[in-house]
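What follows is a pair of complexes built around chain A, which joins chain B in one and chain C in the other.
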Partner chain A sequence: MTLYRKELGRVLKSLIFLLAAAGIVLFAYTQGVFPPHSTITKPEPGAASYGTKASGDPALIMPEAAESLFVQYSVNQYTTYPSGFLKYVKLNQADRVKMGEIIAELSVDVIPDDVQEPGDVPAANDGTLQIDGDSLQSNADGSFQIITPEGEMPIDFAFNPDMTWERFSELMAQADAMLGGGSDFSETWMNHRFGQIPVTYEEALADYELTVSHDKMTGAHARLFSDYMGIILGLLPVFPAVFLCLSDRKNIASMLYTRRISSTRFILARFLALVTAVMIPVLIMCAVLTGIHVADYGLGNIDILAYFKYAFFWMLPTAMASTAVGLFFTTLTNTPVAIAIQLLWWFVDTLGGNGVYSFLGVRTLQVIPRHNALGKTQAYLDYLPDLIQNRIWIALIAVLLVAFTVFVFSAKRRGLLHVSVFKRSKVQSAI
Partner chain B sequence: MSLYLSVVKYNLRFNLLPHIAAALGLMLLTPVLFGITALDAMTVAYPLELSLPFLGVILLTPVYTPEQDPGILDTVRVRKTPHLLICGIRIIIAVVLMFILICGFVLLMAALESEVSIAHALASYANAVFLGGLGILASAISGHAVIGYMVPVLYFVMDLMGSLGSFTMFSMMRNGTMDGKWVLFIIGICCIAASVWSRDIITKRK
Partner chain C sequence: MPESNIQIRNLSKSYGRKQALCGLNLDIASGMFGLLGRNGAGKTTLMKTIATLLKKQEGDIAICGVPVEKAAEIRKIIGYLPQDFNMYGSMTVSQALDYLGVLSGMSKAQRYDRISILLKQVNLIEHSGKKVRLLSGGMKQRLGIAQALLHDPKVLIVDEPTAGLDPEERVRFRNLLCEVAENKTVILSTHIVGDVEATCEEIAILDDGRLLFGGTVSGLCNMAEGSVYTAEITQNELPKIRAAYTITATLSQGKSSTVRFLSPDSRPAIGKPVTPGAEDAYILCLSKAGKGGNLHDAV
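Right, the complex of A and B next:
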């Protein structure tokens, strides 16, 4: 406990912690969650829109997805997110022919015989069907039409109504595999991307009532707060961790190695101190926000502990993970490489999925769960089991990294481990 | 002249090697993450604005790191060659390397049929100088490279998740324009100059 207090004091007095704390608060302010920019209001009947939701209805998903595939096939540019980032894929001629066969099966006379057969490659244009944006027109019945130059026959696309969901899923899986995965046509994406339907007034009202009864207002606000705080807590805690470990290397590494304290106690105390420090500004904001909501909704109408529950359940594992990455890789290499590793993880995690996971679910190893909405309580309750599993996994990864850190630190103390990153540079182990 | 060449040689050998390796690592990772083949004028902005600007953070931020240990700084101060001259040469190497790497990357994109021009390369370079400038200034003032890494990363995240108006780094991605790139470039250069100045004050005070 004494060691924990000492380490905590060291972190709290460091310039990097003050900057990180200021960064966390500034980020919350710029994102409009501290103070909150919106309040929960009861939906009024007759509003123009209450938003949209995924229908999950194959009858709606299939035509939309097929048309989208056709449009992307027509310009030979496919939107994918294989590693979370937007990536446009162009198919080579062989794959393009295969994709043409998929399109042919999805459509009713997609390309008339006298224009182009799948696999029939006209020599004049090297087999590619080149259409610019102005040449595509959406018809009233939902089909697409390619406007060809004057005197030539237009090519229509109409979805084959006899297509079964099973066969459609198989074809789309083939198309997704051909595109390298992560396309709009993968099973996960398709259900969210296509077949969206409007939310009705009754549904919006039911969601509001659930927010009042289940979330007691502050739960919904805390979720939105957690959504944004996760983004910053998934990255910033790595900096104080790296800073602290590199400071040891400069000043006291050799003294630390010879102390009687066990490696486990020392690393645990350091880890807990770092996590406590980064959670302090978050907890202070939670307290202030709770006070603001007491003024807005009244003490009796809110869950006074909601922000703190979300801080520990939602945000803490994220902060633990980024702190553990900082501790482990800095102890191992004595370089700031942990920053690059955490930044990469953050990048892939945050930009991964192009927002489709916002209040629609959570991946198993997603370090930053998203719920970018005030409310949507039913959606939250639907993915809650996955979220609990995810938070446990992320916390376990953090614990595992801390255990590895103890092992590495212990080995270094005994002179059993020397990781030389660049022997000829000055960036090398202190041993 | 031989002195300068000697500084460049030893700097490459003892200081820059890991950072050049990290920069090359970033350049190898970028096509894997974003794809750089046959991109149109709008989508080329993704690798150029999201990824390549980190070259500035990687190469510029650690310029003062070797002498941030007080003992080493004392040794350097008594040397005949001015410490700031050494730092100046390091900065020039870093900005030239950044330019070469970004232009090389843009040329590669052009060879892979992406719609890129010299303007795209300069816009990406402006972002890199800006982020690197923030990093080197924060590192010079705080005396620690990790703080120098944190400040530009924080700026990047805040701009990416919201928008910092006229000071946004992502004008190509968001609007398809080069708006504000000159401002960012000038701020970056000013930050680099301010870092040298602050380093000079710190060196003389100690």
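Right, the complex of A and C next:
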């Protein structure tokens, strides 16, 4: 406990921690969750809109998705997010022919004769859509583009009414694979992007009532806060961890190694101090936010502990994981390589396309669960079992990394492990 | 012979193909013990192995009867001052000692008492609130010895502590080591013969991981009896003398020089024999080893 307090004091007084803490608060401020920019209000009947929701109805999804694919095919420019970042894909002639075959199968009207090889006409269609030469523009790369006169709608697309959901899903999977993944036609995104229907007043009211009864307002706010805090806690805690461990260089390590303390106690105290430190600004914000909501909704209408419950259940495992990555890889290598490793994990997690939003499914090793909505309580309750599993896994990974750190530290203090990443060890200097 | 606190038997250690220690046997009793040798002789490897920082490959080491494999037990009874001692620069002197005291498993009261005593002993009491990064080289070394003594260890391992210190600080540090050596075993590793001569009774000389000499300083000097000469020569004669003998000291006086040189095999044509000093004997020992001789067998 004494060592924990001393390590905590060292972390709290370090410049890198102060910068990380400032970064955490600043991020919350810029994202509009500290202080909160909106309050939860009861929906009024007769409003213009209550938002939209995914219907999951194949009858709605299929024609919308097929038409979207056709439009992108027509200009040979597909919007994808393969690594989370926007990427426009242009298909080569051979792939255009294959995509044309998919379009042809989806449509009752279109034969994409602008891209067909001579004599290669899909047999499955009866109708044809003629495109005259003026509507086609040859590009430098050999592809063609359909020119639609300004103000006119693109060529009409009629979805094949005989298409089954199974076959449609297969064709969309082929299209997505051809585009390199991350397109609107991937299995994950298709159900979300297409077939959206308006939320009714009754549904909006039910969601509100669930938010009131289950979340007591602050639960919903805390979820949105957790969503943003997860993003920042998935990255920044690695910095104090790396810098604290790097401070053991310059002959200080041997001073620590020859002390009586066990490796387990030393590493555990350090880990707990680092995690406590990064959670302090979060917990302070939680307290302030709870106070704000008391003023907004009244003390009797909120769950006064909601923010703290989410801090420990949702945010803490993320902070533990990024701290443990910093602790382990810095102890192992004596270099800041942990920052790059955590950055990679963070990047894959936050910008990795599929599964970014938890209501699309929480992946087991997702360090940053997302719930970028104020409310959506039912959706939260639906994915809660997955989220609990995820949080346990992430916490376990952190504990495992700490255990590995203990092992590495123990081996290093006995001279059993020398890891040199950037420079060759000099035997002579050790003799 | 006093009772041995550290027994080293057939100790070997290598880094890849480089043999750092080769079948070393050594007994170290209470008091100051000097470990001499060139850079790369194996001194630091030996110190680190005793301090549990390196794993031995062959042989045995026992410290106060505890085998070195029991690292947790050994750490309770040793204090270690590494070469180029350093500590977190943002800590003050007393904070640094308090932190290391916690790592040594000391209670708050124990830390308070020991830190006060040690700061007085190493003459840092007035600098207890000073940041470590602001300490001079000498003050830092004194902090180093204080931290090594913090938990009152039975064995103190001090590796090249005076390197980089000015002469005044060196003398002060040597005196400090002698003061703290009471009722302890202090192993002082250095390549500065003067430090060992001034502080240690028992010494060992290592070369290429092997023991060249083990015994007392006077024993070492006795071995060089009749091998050390001094002569006054002209500057023109100096290259000839240098080619023929190992010179241990040269004092220039205008056009002439007084040289002190070694001639172990025969009486030289010039010069007169003098009483050998520890440095003469040490260099003679190393030069004989360079020719394949081993003085240890003769001791």
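Of note:
Going forward, the second predicted complex is superposed on the first by the 369 of 431 C-alpha atoms of A that agree within 3 Å, B and C clash if a C-alpha of one lies under 4 Å from a C-alpha of the other, contacts with A are read in each partner's own complex, and residues count from 1 in each chain.
What we mean here is this: a contact is a pair of C-beta atoms (placed from the backbone, for glycine too) under 8 Å apart; a residue touches a chain by one contact, two chains touch by 3 or more.
In this text, all values refer to a predicted model and were calculated from it rather than measured experimentally.
Once chain A of one complex is fitted onto chain A of the other, the partner contacts of A:Ile231 are limited to chain B, with no touch recorded for chain C. By the touch criterion defined above, A:Leu416 reaches chain C but does not reach chain B. Of the two partner chains, chain B is the only one touched by A:Lys87; chain C is not.
Once the two complexes are overlaid on the shared chain, A:Leu246 sits against chain B while remaining clear of chain C. One of chain B and chain C touches more residues of chain A, and that partner is B. For the contact definition in use here, the residues of chain A common to its chain B contact set and its chain C contact set are 247, 250, 427. Per the touch definition, chain C reaches chain A in the complex via residues 15-16, 18, 20, 40-42, 44-45, 48, 51-55, 71-72, 75-76, 78-80, 82-88, 90, 98-100, 102-105, 108, 147, 151, 209. Put simply, chain A touches chain B in their complex at residues 15-16, 19-20, 23, 26-27, 30-31, 77, 83-90, 228, 231-232, 235-236, 239, 242-243, 246-247, 250, 335-337, 339-340, 343-344, 347-348, 421-422, 424-427.
Contact residues on chain A toward chain C in their complex (touch as defined above): 2-3, 6, 10, 13-14, 247, 250-252, 254-262, 266, 413-416, 427-428, 430-431. Those residues of chain B that touch chain A in the shared complex are 13-15, 17-18, 21-22, 29, 32-35, 37-40, 43, 46, 50, 66, 69, 142, 144-147, 149-151, 153-154, 157-158, 161-162.
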